[in-house]
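Notes to accompany the following structure.
Letters A, B, C and D mark the chains as written, and numbering starts fresh at 1 in each.
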């Protein structure tokens, strides 16, 4: 097996292993949501990512350790995160572990109302606040046509969705891939790329639990593209702490 | 007078000197435009900038050297650029001179259809192409609320305007200040900051000649703010070429 | 008095009010440090900033509320932060308050070993780790010659300093102003600009307590420039939460 | 075959096809250079890229159309560019064609003295000037450890090389991967990523014709990584020009 400059294994051929984390509360308590996602949002995402050839695992809030014990994280290259009504029930210990994993290279894809999750706020360092309103038309325009996350799309994706409006209180992204138009008159930066530590983070706006967005083929394609983009690469290993002079 | 580290004069107190460059053709040939800008777009902009306390000069395409001989550029801290139907009539020599001035520290504010000007394309290195359509409603949302160019504004500015839509083929900006919503369904990055060489460049979308945008107080305020932001600072003087070792 | 678009006061004329926060422990416990900064690092910085025309206040760790009660923060436009051996003694309550102030527009200048302060790590979202070693020669090269923070400098600043080396685990900055060379063979991104919320943050590397860097005129000039750059501007006021459609 | 949203072919499996463009003058006229690169710089690069599994073609200045007729460009996914003493002999027509290809998605890797090539200056919009001196020690530090271009490296690469020093007059890169330390006391941003149009551009500093850098395994690995990173993805196809309203 090929080795990195400092002796670690380099293996580029395998597809990333994905863990989909879903709060999984709305689907069990709200009849309308249950119709759209009868087995949970994670089940629809899992089907789409499995079809794309990834090895997929799901984890939910109410499992022990929220379904994210070390052995699951050890086998995760890219983590998806959907949460909404119970952000505060995620333990600080789990957030801390996920944070360290992301800085160590694990990819993270934060979906929709995950903008207010503990892990996203911790990584961004800002409030991640925004404006919102139910029942609108969204049009996600591609503003970085050559970006791998936009691969295979047309000019825009149109959805029936909850509105999120600017100002969105996040750091300026390293790359802006999508911008959304809403029928009610607002705009939103809706596909944002960040690098933090050795990890890559993608925030993708759509996915209100009362809408069908995760059944949409283009939305699924974006998430598939984002998994490939966010997958860790065994890059140079940073060295920290006290250090003798080279010269 | 205070000096820089390498002996140049440091003088921060004075307000920037502004030159407004206007193609000034539509206003003379189109009756409808003449009603909106009877003395030219530059005259309305000059009034707004004079009121803000700047020393203002105007220059137009059909003057000798397009109104931009060395003595004018020598007295210009920030240059505004409005052009549309006659981009090709601007001489390469003038473009080259303006390019060198910007890289040397002169601020440049490119307005509306100036996106296709020779000077903007030369500085961006891309086609600067976009989509467009007359007669729409534009809403420019502030996405960087703490940015000095957004100073004094509300959440958004609403205008009757020509539509410009994404994709906008420009480099990702150093800072994105405004994003526009259009009634016809499009979005656009409409306030973009770039640093090139020692100079700062701001692209600001509104200003179709058949609309009243430059009479709008918030549009005027943005341009005033942008002049202050783009004004040169006597920064460190770069040194190029062959160089002896320090150590 | 001039007003913003939504009725707040716009007052650009006044100089920013600065609060210098210093841990102030080394200077009291280490004889060698006491010789270099007999009245504390804050005293030397206060003199330099007062001379530049700012209204300056100092606050230290061992004062009640670490010297940062609301009335002090209310009167602070830009906060400087120097800490090293006692980062953990800063209360989470104070960190939370400073965090909110920065996102609300207060400027923050983080100095040297402040890279490991609670407030900087919270704003960055990363470990902020790095390599280090005492007793080296540092040369801070200007890489953004037109940037206002580089105003008045020559090509580089040379100092006797502690070494900090890459990798520096921080988000890619919005603007990179200085890069450091060290005699032992390392490099470091040593002047970094960030916007977070409505606030601006500048990290500036030099300032080991056993070296004379804050007595250096160019270092003082950088800090003066950074105060002007980081000072809040009464920008557009962001609106969050549930929102009725405009159209 | 899988299709994009607007019906184009999506084919992600194939390895990118590489064309190495080399001025190929020093190697024929300078005995010392001929010893290091007897069959030209392109031959050494071609061997390294062929070994990595890419389909590789070479083109040189003195061939008809500089070796870059349409049929060659049609079969190029990523173009490497090494030039130095004869930048001016590259025809504007070829530069124009390469420029359009890059904006249309072709990757471009600009090597060493290619910083002054017509194509790089046209894409950057700046002078691309810098400081230089022969015969120094360079240490390229990885500053983005998780970046795919740093894949497989250690902390730094050490080379005997020509010195390039800051200020480097280029736009702030979208991503900064390497920073160089030089024995003579200078620093340089030596691995820079840009997106322009639908294309990706990587500037990589090493490669003076009198040094052995392209024989170095880590340098070869960086260039292999960069080819993968710069390879085009059939992203969303931008639409420009007059456009009817959607709503």
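Going forward, a contact is a pair of C-beta atoms (placed from the backbone, for glycine too) under 8 Å apart; a residue touches a chain by one contact, two chains touch by 3 or more.
The structure presented is a predicted model; accordingly, all values stated were derived computationally and were not measured.
S.K.: Which chain's C-alpha centroid is most distant from that of chain B?
M.R.: Between chain B and every other chain, the largest centroid distance is to A.
S.K.: Looking at A-B and B-C, which one has the bigger number of contacting C-beta pairs?
M.R.: B-C
S.K.: Centroid of chain A to centroid of chain B, CA atoms only: how many Å?
M.R.: About 37 Å separates the centre of chain A from that of chain B.
S.K.: Please compute the C-alpha centroid of chain B, do the same for chain C, then give the distance between them in whole Å.
M.R.: 31
S.K.: For chain A, give me the residues that contact two or more of the other chains.
M.R.: Correct list: 139, 142, 144-145, 155, 165, 167, 172, 174-175, 183, 185-186, 195, 197, 236, 238-239, 246-247.
S.K.: In the complex, go through chain C and note every residue touching chain B.
M.R.: Spelled out, the residues of chain C in touch with chain B are 2-6, 10, 12, 105, 139, 142, 144-148, 150-155, 174-175, 183, 195, 197-200, 218, 221, 232-239, 246-247.
S.K.: In the complex formed with chain B, which residues of chain D make contact?
M.R.: Going through chain D, the ones touching chain B are 103, 122-127, 129-133, 136, 163, 165, 167, 169, 171-172, 174, 183-186, 194-197, 236, 238-247.
S.K.: Which part of chain D faces chain C closely enough to touch in the complex?
M.R.: Checking each residue of chain D against chain C gives 139, 141-145, 155, 165-168, 172, 175-176, 179-182, 185-187, 189.
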